[in-house]
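Here chain A shows up in two complexes: once beside chain B, once beside chain C.
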Partner chain A sequence: MKPKQIFEVALGVVTSVGGFLEVGSIATAAQAGAMFGFQLVWAVVLGTLCLIFLIEMSGRLAAISHHPLPAAVRERFGFHYFAMPLLAETVIDLLVLASEIGGVCLGLQLLTGVRFFYWAVPVAFIIWLLLWRGTFSIIEYGVSILGLTTVVFIVAAAKAHPGFHNIGAGFLPTLPGDHKAQYWFLAVSIIGATISPYLVNFYSSGAVEDKWSEKDLVPNRLTAGIGMSFGGTISIAVLVAAVMVFHSRAISIDTYEQIAMEVTAPLGIWGYRIFGIALIIACFGAALELSLDIAYVYAQGFGWRWSEDLQPIEASRFTLVYTIFIFAGCLPIMFGIDPLKLTLFSMAATALILPLIVFPFLIIMNDKRYLRNHTNSVFANAVVCFVILLAAAMAIVAIPLEILGGH
Partner chain B sequence: MSKPQKLHLIRDVLDKLLVDRDNVPLGRVDGIVLLLRGEQTQPRVVQIECGMVTLWRRLSIRWADRTYRIGRRLGLRRQRPVRVDWSKIDNIGRELTLDVLAKHSPLLAGERWLLERVIRHIPGNGMKKET
Partner chain C sequence: MPLALFLAACSDNSQQVRETFVSWRKSLELLEQQRTERHVPETYVRQMVEAATRTLKQHRNKLRGDRAVNDLEAKIRQLGRGPGTQRNETEANL
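== the complex of A and B ==
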């Protein structure tokens, strides 16, 4: 690799790490650690492994075929099929966007003491303003690099001395004695939070925006592998810190604000402040990516002009989509819906729609008309199929049980 | 002009991206208009069609007609799909290139309407001030 490519990989890894953690991964990992100790580490590992494959595939699709994923799905499967993931992504992205806005508002509540719902409209306005005036590089690099503040969870977990053999034991699935329904619901939520379809779409659209070609395949593979592995490590750190602070003292997490204790207990008042800042930055970055993603999906699916680097007057429909979504996304938080419950539900619902998005993606990734000699290996197909089917099956069973209040 | 001798209409034309001479996206092929000139002759492709009504009709004709009627009652005048003559297609490849320019094309009427009525009134839209 040339020095320029090494720099690009390093930048890609940093942005992947900074952009990995968001409201869903923090909430689900913390809740899992508090309730079930190290028993759900395997769900983070499984989700991260599948995400590595999916991210690498979406970058490869963009580099070889120059098609972002939604455009390829519409062309390959027609509008009849495209309408289904479009509808599903619209609903789920809106729920997740509301959760992310809720995360930013909670971070602001932690730092200022002003209740979270007062922040919903100002936060939505700032997200919109940055998309309206900003460029793709500002969003991709600026916010993601600031997202490295989430490394504070690794520091907090390390300071709590959890013991590596305990974490290692969590890599193998084991069933809890009771609260089985909640165990499976959390496992599904963790996988849903980790394999967010918006990350895959955003990555492929970004690769098309950056005009990737065949020479970018190796940097793509390294960015996906190293970046997502580090991101998964931070998620595990959130879970481990929750075990040490909550599970060991038999404290349950009922509100999002409690999660701050994970960092406050080992690092003191500065830990509390850094947690607030990290939560704001991580959720703000994810909200930007989600808003852009839904605009990408509509614009690419319907063949409109799209690019975050275009001025609003050059891509009116593209800008209209994210404008509507941002302001619709702030409504649930403005009306005071509990961000923690909203987040956990959104993440589990994400797992439910994964097959709709991932299976056509796999078919395209095995189509020589799009990928030429760079189609998927049998191993990559098998790993992704296994994880997605497992997550969907768990979601079908666990979501109704959780809603009915099963144990 | 480059059109393959043999075309698979569903695979090579329907849902494909339409671009103008300068590669500016104009939309997607939402429908194909065929002409039948008698029972003994093969149907001929005469036009392609773009518009939300066409897309709706592909999902459900009944729902598309209902949506169209509701739209008319609400005063939406730009619902009719735009038809483009087959002869205007210059090239069929990864995209379908039309022998038109985006700024004059009726395919972008919705985009222009939105620009004039909404986007240009919001500050910071990238429009240069006239001197």
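== the complex of A and C ==
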């Protein structure tokens, strides 16, 4: 690789790491660690493995066919099919966007003491303003690089001295003695939080915005593999820190504010401040990506002009979509809905819709008209199929069980 | 878990509520320890006390006279007696 490509890979890895962690992955990993110790590490690993394949595939699709994923699905399957994932993604993206706005507001509450719902409208306005005025590079690199503050969880986990053999044991699934419904519900939520469809769409649309071509295939593979692995490591660190601080004291997490203690216990008051800042940045970055993602999906699906680098007047319908979504997304938080409840529900619901989005994607990735001689390997197809079917099956069983109050 | 609490509210599962109250008491004990070591700011202590008070008020009727309620109440009062004007506000809320 040339030095320029090495720099691009490094930048891609840094932005992937910075953009990986968000309100859902923090909440689900912390809940899992507090409640089930290291027993759900496997869910983070499985989700991350699947995400690596999906991200690599979406970058490859964009580099070879110059199609972002929604445009390819619309073209290959027609509008009648496209309407289904469009509807599912609209609902899920809205729920997840509300959760991310809630995460930013909670970070602000932690740092200022002002209740989270007062922050909903100002935060939504700043997200909208940055999308209106900013460029794709600012959003892709600026916010994601700041997102590296989430490394604080790795420092907190390391300072707690968890013992690597304990973490290693969590790589193999084991059932808890009690609270089985909650165990499966959390496993589904972790996978849903990790394999966020918006990440896949955003990545492929970004690759088209950056005009990727065949020469970008190797950097794409490295970015997906290394970046997502580091991101998964941070998620595991959140879980590990929660085990060391909460599980060891038999504390379950009831509100998002409690999660701060997994950083303050090993790192003190600076840990508290960095946690607040990391939560704001990570959720703010995810909210920007989600808002853009939904605008990408609509614009690409309906054939409108789209690009974050265009002036709003040049892509007015694209701009209108994210404007509506941002302000709709801030409403649940403004009305005081608990961000933690909203997040857990959104993440589990995400796992339910994954087959609807991923299976057409897999068909396209095996279509030589789009990928020429760069179609998927049997191994990649098998891994993605296995994880998505497993997550959807778990969601179908675990969500009703949890709602019915099973143990 | 909030979902467990929500479900408990629907199914009147007093055992789940008791577990939540015990967990909250332990959480406040950890907070107290961190406050003593100056690992957390007072604004955080106040937020946690408020969150615990909300949970207690929401579900205390399901465990009337239970030890878990009394223990959590005592811990909230104890933390509320920290620096500043927190005491009266917390005790009034309880």
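The rule is simple: the second predicted complex is superposed on the first by the 407 of 407 C-alpha atoms of A that agree within 3 Å, B and C clash if a C-alpha of one lies under 4 Å from a C-alpha of the other, contacts with A are read in each partner's own complex, and residues count from 1 in each chain.
What we mean here is this: a contact is a pair of C-beta atoms (placed from the backbone, for glycine too) under 8 Å apart; a residue touches a chain by one contact, two chains touch by 3 or more.
Predicted model, so just to flag it, every value in this text is computed and none were measured.
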| task | Could you say whether A:Phe327 touches chain B, chain C, both of them, or neither, answering first, second, both or neither? | result | neither
| message | With both complexes overlaid on chain A, does A:Trp42 touch chain B (first), chain C (second), both or neither? | response | neither
| query | Taking the superposition as given, does A:Ser316 touch the first partner, chain B, the second, chain C, both, or neither? | reply | first
| chain B versus chain C as contact partner of A:Ala265, first or second or both or neither | second
| task | State whether chain B or chain C is in contact with more residues of chain A in the superposed arrangement. | result | C
| task | Would you check which partner chain A:Glu75 touches, where first means chain B only, second means chain C only, and both and neither mean what they say? | result | first
| task | Using the touch definition from the top, say if A:Phe136 reaches chain B (first), chain C (second), both or neither. | result | neither
| note | chain B residues touching chain A in their complex are 10, 14-18, 24-28, 30, 55, 58-59, 94, 110-111, 114-115, 118-120, 122, 124-127
| request: Give every residue of chain A touching chain B within the complex, in rising order. | output: 66, 71, 74-75, 78-80, 82-83, 132-133, 302-306, 311-314, 316-317, 319-320
| chain A-touching residues of chain C, taken from the complex the two chains share | 1-8, 10-11, 13, 19-20, 22-24, 26-27, 30-31, 34, 37-41, 43-44, 46-48, 51, 55
| Complex contacts: residues of chain A adjacent to chain C | 31, 35, 109-110, 112-113, 182, 185, 245-246, 249-255, 257-258, 260-261, 264-265, 268-269, 271-272, 338, 340-341, 344-345, 402-405
